[in-house]
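Below, each structure is written out as structure tokens.
First chain A sits with chain B, and in the next complex the same chain sits with chain C.
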Partner chain A sequence: MKSGSFQRLVEVGRVVLINSGSDAGKIATIVEIVDHRRAIVDGPTTNVKRQVVPLNNVVLTDIVVKSLPRAIGSKRLAVFLEKNQVVEAWQKSAWAKKIDARQRRANLSDFDRFKLMRLKKQQRNIVDRQVALLKKERA
Partner chain B sequence: MDAALLTWLHEYQVIGRRLPTENEPTPKLFRMRIFAPNEVVAKSRYWYFLSKLHKAKRASGEIVSVNEIFEAKPLNVKNFGIWLRYDSRSGTHNMYKEYRETTRAAAVSSCYQDMAARHRARFSSVQIIRVAEVNTADVRRPYIQQLIQPGLKFPLPHRVTRPAKRSDRTLIIAKRPSTFY
Partner chain C sequence: MAKSAHKNQLAPGISRLSRSKVFSKRAAYKIVKDGKAKVAETEKPKKAEAPVSERSDLVKALTAESNSVYPVSTIPKSKAGRKAIRAPKLRQSITPGTVLILLAGRFRGKRVVFLKQLKSGLLLITGPFKINGVPLRRVNQAYVVATSTKVDISGVKIDAKVSDEYFKGEKEAKPKGDEEEFFGKDAKKKEHPAHKIADQKVVDKEIVAAVAKVPFLASYLASSFSLSKGQAPHTLKF
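The block that comes next holds the complex of A and B.
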């Protein structure tokens, strides 16, 4: 039973993206809930040490590791993550790809930007030629 | 990780005794577990409590050792029951409160904050009598019982998206924020 319109729930096994702090940008799994504001989170395969994290510093994703036992240890959690291919599922998601694209754009060198400009120009050239031809046909 | 681990209070084991005299060459040692922000306050609170319990005071006694007690398993969540005694404006009362925390010191810190908020009781008016880990079956308070149900899950209904750093805050944003998660 879904809880109304809220699809993303804080639960044991929910994968979260850490927003602030030294682990910002990494994903981890909720291993235990402390109270309505904090959870214990662990990311053995993504370099996130097991820690208590305030839920304000974290974003819930759509990925849940099903039937994860409460307060599971790091090593067994790594096994669960491998089996359910959680990290791969995250990296395939549109969200992760957008973050990646944003980072790449921010880290472009001047030469990269030049190359990008050239490629865009070429793309525009091809597209605009076709558009111009079609317009001519219509007119 | 950074800020969440810094609890305000630490637990100290303070052992002291009266100074040896001719009548009493080897006085008894008295040990207390004190919650305090630092060792200085721990020693002060030690004498405060000891002089209430025994004929011993700081002037005629000595502290033998002060050691910090660290939590054995700081990454396990526990349910703590805290028995305390506090002075209100018109009398002194006993209380039993429960907290869900990872360490004893964090539970007691929470307790002091809670007492200040709910009863306007300051640090000096609160005496912690006993702090004990409570089994899931023996939890008395409904606000803790609701968190120890098996298969607990809940949404975060009103999400306020804040920038990670205060310096990233802008006055104007492109789109009106949505609070739906």
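The block that comes next holds the complex of A and C.
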């Protein structure tokens, strides 16, 4: 049962999103806790090398890999992750989708932005027309 | 020593010899500026040679003119410059067919197609004219943003005659008309040379065909670029 004010705990098996450093934007799993500030994190399926990471550089997600043995090796961790479909669960989450949308928007070329504007206009046109008709009916 | 050694300056900034004395000491009258050597020079040595037998060596040394012993300075030679004049390197992002955004000039904001770099380094561009009214024109790389959008102009052949010379304006006779001539009812509009219109059509024909193949590209080229609220050029990807 989840109780208390903290819903996401730093624990072995907790999936985290790395915020800063060369692995920024990738998810990894807490494999061992060093102290109140640091943890050993590993992401064999997401290209994150096994490393000690300050917990300030990391954000806890909702995903936990249940009953993960402490200090598990990378190879066996990969098996666990596949079995629990961790990466898929992350990619399905609204959080991951928002990040992806943000990146896509930032990487639009000038032509892409133009096409986007035109398509939005088309959409608006269709919707507004229907709304106008409905308003007319109701009036 | 024949001459006692004098300090060059009496005090800092004040030289011992006056300007005219320095001039004659340096024999600056002999320094050739335009390549015209003074003819009077040849007469001088003859005068000094006349009573040779009577002069002793000491007297000769004392009265010897400096220019007969030391070589006179020649035309000052300018230093060889090491700057090479060559066309500026073309940015890697600009290749034939790239859509460019013009940043300055008459057509600022317009999106145009890049054709090739001319010998002077300027970029040859075209609207195409039918799409956005930009003719065959030269533009400087520095005043252009290269987008990542490319038009396939591999099949387009640009005549070699379209070069820097092609764009140099013809020298016109000075306009000596009065107001009426310019603004009156019968004012003649300067006609654009017909051969340039023809050249434009030839180049644009295939480009317009290539543009038509890509959806939205024609209207993209017809529109102008502008920044809206919240957009900053350094954060945008082109």
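Descriptive notes on the structure:
Here is the rule we go by: the second predicted complex is superposed on the first by the 137 of 139 C-alpha atoms of A that agree within 3 Å, B and C clash if a C-alpha of one lies under 4 Å from a C-alpha of the other, contacts with A are read in each partner's own complex, and residues count from 1 in each chain.
Keep in mind that, in the parts below, contacts are C-beta pairs under 8 Å (C-beta built on N, C-alpha and C of every residue); 3 or more make two chains touch, one makes a residue touch a chain.
For clarity, every value in this text was computed on a predicted model and none was experimentally measured.
After superposition on chain A, the partners chain B and chain C are seen to fit next to each other with no clash.
When the shared chain is aligned, chain C comes close enough to touch A:L108, but chain B does not.
Applying the stated contact rule after C-alpha superposition, one finds that A:S22 touches chain B and leaves chain C untouched.
Residue contacts after overlaying the shared chain place A:V131 against neither chain B nor chain C. Figure note: vertex chain A, arms to chain B and chain C, all at CA centres after fitting on chain A; angle 90 degrees, rounded to a multiple of 10. In the superposition on chain A, A:L60 makes contact with chain B only, not with chain C. After overlaying the two complexes on the shared chain, residue contacts for A:E11 are found with chain B alone; chain C is out of touch. Contact with neither chain B nor chain C is seen for A:L116 once the two complexes are overlaid on the shared chain.
Legend: residue contacts after superposition of the two complexes on their common chain; A:R50 is shown touching chain B, with no touch to chain C.
In the superposition on chain A, contact of A:V34 is made with chain B only, not with chain C. Put chain B and chain C next to each other and count what each touches on chain A; the higher total goes to B. Taking all C-alpha atoms of chain B against all those of chain C in the superposed arrangement, the shortest distance found is 13 Å. When the two complexes are superposed on chain A, none of the residues of chain A touches both chain B and chain C.
Against chain C, the residues of chain A that register as touching in their complex are 106-111, 114-115, 118.
The touching residues of chain A, counted against chain B in their complex, run 3, 6, 8-12, 19-24, 32-36, 38, 40, 49-56, 60, 70-71.
Residues of chain B that touch chain A in their complex: 1-2, 4-5, 75-77, 100-102, 147, 150-157, 160, 162, 164-165, 181. Contact residues of chain C toward chain A in the complex are 99, 101, 111, 147-149, 216-217, 219-220, 223, 225, 235-238.
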